[in-house]
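Notes follow once the structure below has been shown.
Labels A, B, C and D are assigned to the chains in the order they are written; within every chain, residues are numbered from 1.
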Amino acid sequence: MAGAGIEDPGQQVDLSVDIAGVRFPNPVMPASGTYEVDEIHDNFFSPSELGAVINKTIFLHPRPGNPPPRIWETPCGMLNAIGIPCDGAEAFIRDRLPILRRLGPPVVVSIAGETMDEWIELSELIESTGMADLLELNLSCPNLSEGIPWSTEEKTLERVVSTVVGRVKLPVVAKLSPVVTDIADMARTAEASGAAALSMINTYKGMAIDIKKKRPALGNITGGLSGPAIRPLAVWAVYSAYETVKIPIIGMGGVDGPTAAIEFLLAGASAVAVGMYNFIDPFAMKRTIEGIRTYLAEEGYSSVREIIGLGHG
Amino acid sequence: MAGAGIEDPGQQVDLSVDIAGVRFPNPVMPASGTYEVDEIHDNFFSPSELGAVINKTIFLHPRPGNPPPRIWETPCGMLNAIGIPCDGAEAFIRDRLPILRRLGPPVVVSIAGETMDEWIELSELIESTGMADLLELNLSCPNLSEGIPWSTEEKTLERVVSTVVGRVKLPVVAKLSPVVTDIADMARTAEASGAAALSMINTYKGMAIDIKKKRPALGNITGGLSGPAIRPLAVWAVYSAYETVKIPIIGMGGVDGPTAAIEFLLAGASAVAVGMYNFIDPFAMKRTIEGIRTYLAEEGYSSVREIIGLGHG
Amino acid sequence: MAAPVYRKAILVSRKESPKGYMHLVIREEQIAQTAGPGQFVMVRGWHTGDPILPRPFDIVLADPLKGIFRLCIKVEGKGTRFLSTLKKGSGLYVTGPLGKSITEFDSAGTALLVRGAGAAAVVFLAETLAKLKKPVYTVLSASTKSRLVCRSLLEQFSTDVFIATDDGTEGYSGNGTDLLDKLIEEGKVDTVYTCGAHRFARHVKALDLAGKVRGYLFLEGNMGCGMGDCHGCAVKKEGKDGYALVCMDGPVFRSRDVVVE
Amino acid sequence: MAAPVYRKAILVSRKESPKGYMHLVIREEQIAQTAGPGQFVMVRGWHTGDPILPRPFDIVLADPLKGIFRLCIKVEGKGTRFLSTLKKGSGLYVTGPLGKSITEFDSAGTALLVRGAGAAAVVFLAETLAKLKKPVYTVLSASTKSRLVCRSLLEQFSTDVFIATDDGTEGYSGNGTDLLDKLIEEGKVDTVYTCGAHRFARHVKALDLAGKVRGYLFLEGNMGCGMGDCHGCAVKKEGKDGYALVCMDGPVFRSRDVVVE
């Protein structure tokens, strides 16, 4: 189009959003644990085109992860019980973080602790590198042997978030679990505890049984359900939180392209993350960015910020 | 096969199960609100072939239901915000219940109350007809303006179930909501309160936004998510409840045929209910019954009861 | 009325006309033999997935002898897009015939006020009236000449077809309701069927309430099952505190009985 | 190694042989030009739905000049069933080439111990060894003669093919491992590749640990992405507290490095 001398109205649209004082050039980022920045991805698109980049959650110390099978396909979704294998914070800071930092987009660092001390130590360690723009607390992995996630119980949630917020200057993003009766309550608690933004949602706890083997399909028995299957639940989570909190929300759960991403923006998300769909279509994030641009241009908006929360009427 | 003089091993399999002292000739029934017994269905299969029959939940008094749109398709599922329209208990007992009673299979009557008094009055009224075998308490509809479902708060659940159990001799089935942090806790509470069986799960609260209209897709804003999309969550609900309670479980949530039904049986369900799949394939329940029979024959079981809970190892 | 069947049927032919509207001819004898005007089918060409629910479409025409019936599908979202790409010979699942067949044909003159996919809904009725030698006047409109739907079929069965286009490329340049009003003024019609466009529905309902015609609406609604199981396809009843179901009580309703937005 | 591409590719031919195994020839130039032995592709012929994830298949052969490559798919569950019904000319999404290509060809004699879909995995390697004029002995087994997979291709590239059938309908009546043991005894092979059957993997690993051969395994695992994003395809590393990823560190592993169940 541009080549033909015709102006593409999409290029006029401002896609940038603000997440806790950090400017994202566009509202599309990967969900933690579903996209790696490395040479394997070189023929797809450059991660520098993303709204933000994020690592797979790290713990302070190395962890092997769960025994296989770790994933299982379900209708319009998948269960994963990866169990967050990692090489530990030191290796991450040495080998991976500088790569993310050099790309250009804001860097969100996703962390998790096994104990309160670990949350503190890891947060301070990440902040000390000066290479993170936002600190995402994964309070919601359903696959940890440590027991229930940190964000399904209000008091625990408050304790972790307020403790970390008290220790670092980095804006803190609380990533919440949907496995609660009312996630808006949790959103409010996180906000009151000092979170600067919310990521919602992490996966739902679920399982499958292999009817040939007559055994749970996953090595870990249960896993986390993600994908388009859970999108109506994730959209409701964002919508209900948006009515309750003032801090920005990064929406996720089943984003498979622009239509789903726009649903989240209309529900009140300031940005969206693409998770399992990265496995299905390596261009999903790029396609989502372009599709949002086209939608905004066609609907006559000049900034993506005009449609955030618009679905509330 | 039988016509060719060859014996069909499937015919030898005993499909009957016991739910709270009531014998179901086979473990497949409709989920409340998804299948009507009437002439429209005459060319499909006879409802007398089902393991049990059930009505769409009734209230004591007539109700109009929610404004349209009442349903919305989602990936591998659907949202509904029907809102349980009904003609009231009197009309139900006069016009519908006798039809269900005459069919042959056990009759489960699904009821809901807006107040504790209504729960009591309606339970006693149904019992007094002598036409019900089981009384299912729909404690979990996410579409009622009355507020949160009765089964998301332990004390409320205990109060409703124990009150109704105290008033009627009919075995009481508690139909639970999955919108809780740990449904096994609710299962335990229901059992402790005197429930003779559990139905799980009802739909998840969710929503969709129509990106053309930029408004919630449903007239009621939120709806209940059902279908294959939620099956991994429903299987986990049944599996975890089975580890906790002794009473039988009717499993449901995304059963679309025999494979899914067997997954529920292996997880610990004594029977399964087919919900939205009745809309997609009017033969879904019949196909499920036949498929379970074939599976059992091929795997060398003589009774379906042998595989109930077998997935726990 | 015969109870519906659920069958895997065969797509015997497909043709796009005009652009964006796919005419599908499907072989399923029992549906072809029992369908009446106003009835519809639920169609699914996919398995568990996305889309997952079947989609409702009016039966445009049914040939009981050949055992085939025809649909005219406007390509809208993912379901219709999928159906529009099915190749000749493909299998697809159909449930039908569904809904109430129109059974009263005692009008002196019937007008059909249609546009877009709505035209598909009234062809069967036009054919039935023609067979009964009842006068039927069709007012067919579109944005422009090339967007007229089911035109030749409607011409075949109607006493007269009046065309209206928004841009004046053919026939009357303006609103189809003007042509309908003229037919009524001339005393040619006492009954009107309309569908689709809310503008038409409102107009016909006003005429009905004014006692000028018997007005009927072909209503739509998000359907789950098409046969009364899901209570999804509700439409508000006029005056009363309650809803009718499009699939069971309709899809054709007397205009004064239902609320039109 | 070249980074993989993700493309909508065209199915140029399909053939079933033996029953239950579908050979698909796909046109995608870049994959055909950059693929090496041991590599695989992720394939998807569907959109969001059920199935939803792409499925991994080994590249059986690649023709860089014609820009095509071949897969041999055992029809198992819904994904492979869907792929097996795709018609010639259909589009399907492919990501590849993925995994590490085999790059060491310094063995004096190589044996390929395969069965079922496992045969598909080693054809490319056999071709590569043949081009390098390295001796390659294939031990191909099946339940019965008519169930042998990729037989003619393996015969084309192998120095010799030894057949074993469980029912004795062709070749040796018994276990393929017996034929392998004989080849080793005869001093013909110092390197063995095997795949699929756990029995074979255990046998080869034992030989490897005993220092009789260099053993390699083509491993499988439930894959989400095929390129290191999901960490789904874990396989336990021998001795160490940790896992390797089949898609990144494999799919071919030295047998003594991984745990075989």
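Following the convention adopted for this analysis, a residue touches a chain if its C-beta (ideal position, glycine included) is under 8 Å from a C-beta of that chain, and two chains touch if they have at least 3 such contacts.
Remember, predicted model here, so these are calculated numbers, not experimental data.
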Touch-network distance, subunit B to subunit D, counted in steps: 1
Farthest chain (mean CA position) relative to subunit A: C
Distance between chain centroids, defined by C-alpha means - subunit C, subunit D (Å): 55
Whole-Å separation of chain centres (CA-atom averages), subunit B against subunit C: 36
Computed distance of Cα centres, subunit C from subunit A, in Å: 46
Junction residues of subunit B, two or more chains touched: 74-77, 227-228
Touching two or more other chains - residues of subunit C: 48-50
Touch-based graph of the chains, sorted into line, ring, star, complete or other: complete
Of subunit A, residues touching subunit D in the complex: 33-36, 38-44, 56, 64-78, 80, 82, 85, 227-228, 256, 276, 278-283
Residue ranges of subunit C in contact with subunit B within the complex: 2-6, 44, 48-54, 93, 95, 221-236, 241-243, 248
Sites on subunit C touched by subunit A in the complex: 48-50
Footprint of subunit D on subunit B - complex, ascending: 75-76, 228
Residues on subunit A engaged by subunit B in the complex (per definition of touch): 74-77, 79, 148, 152-153, 179-182, 204-209, 211, 214-216, 222-223, 225, 227-233, 235-236, 239, 254, 256, 259, 262-263, 266-267, 295, 307, 310-311, 313
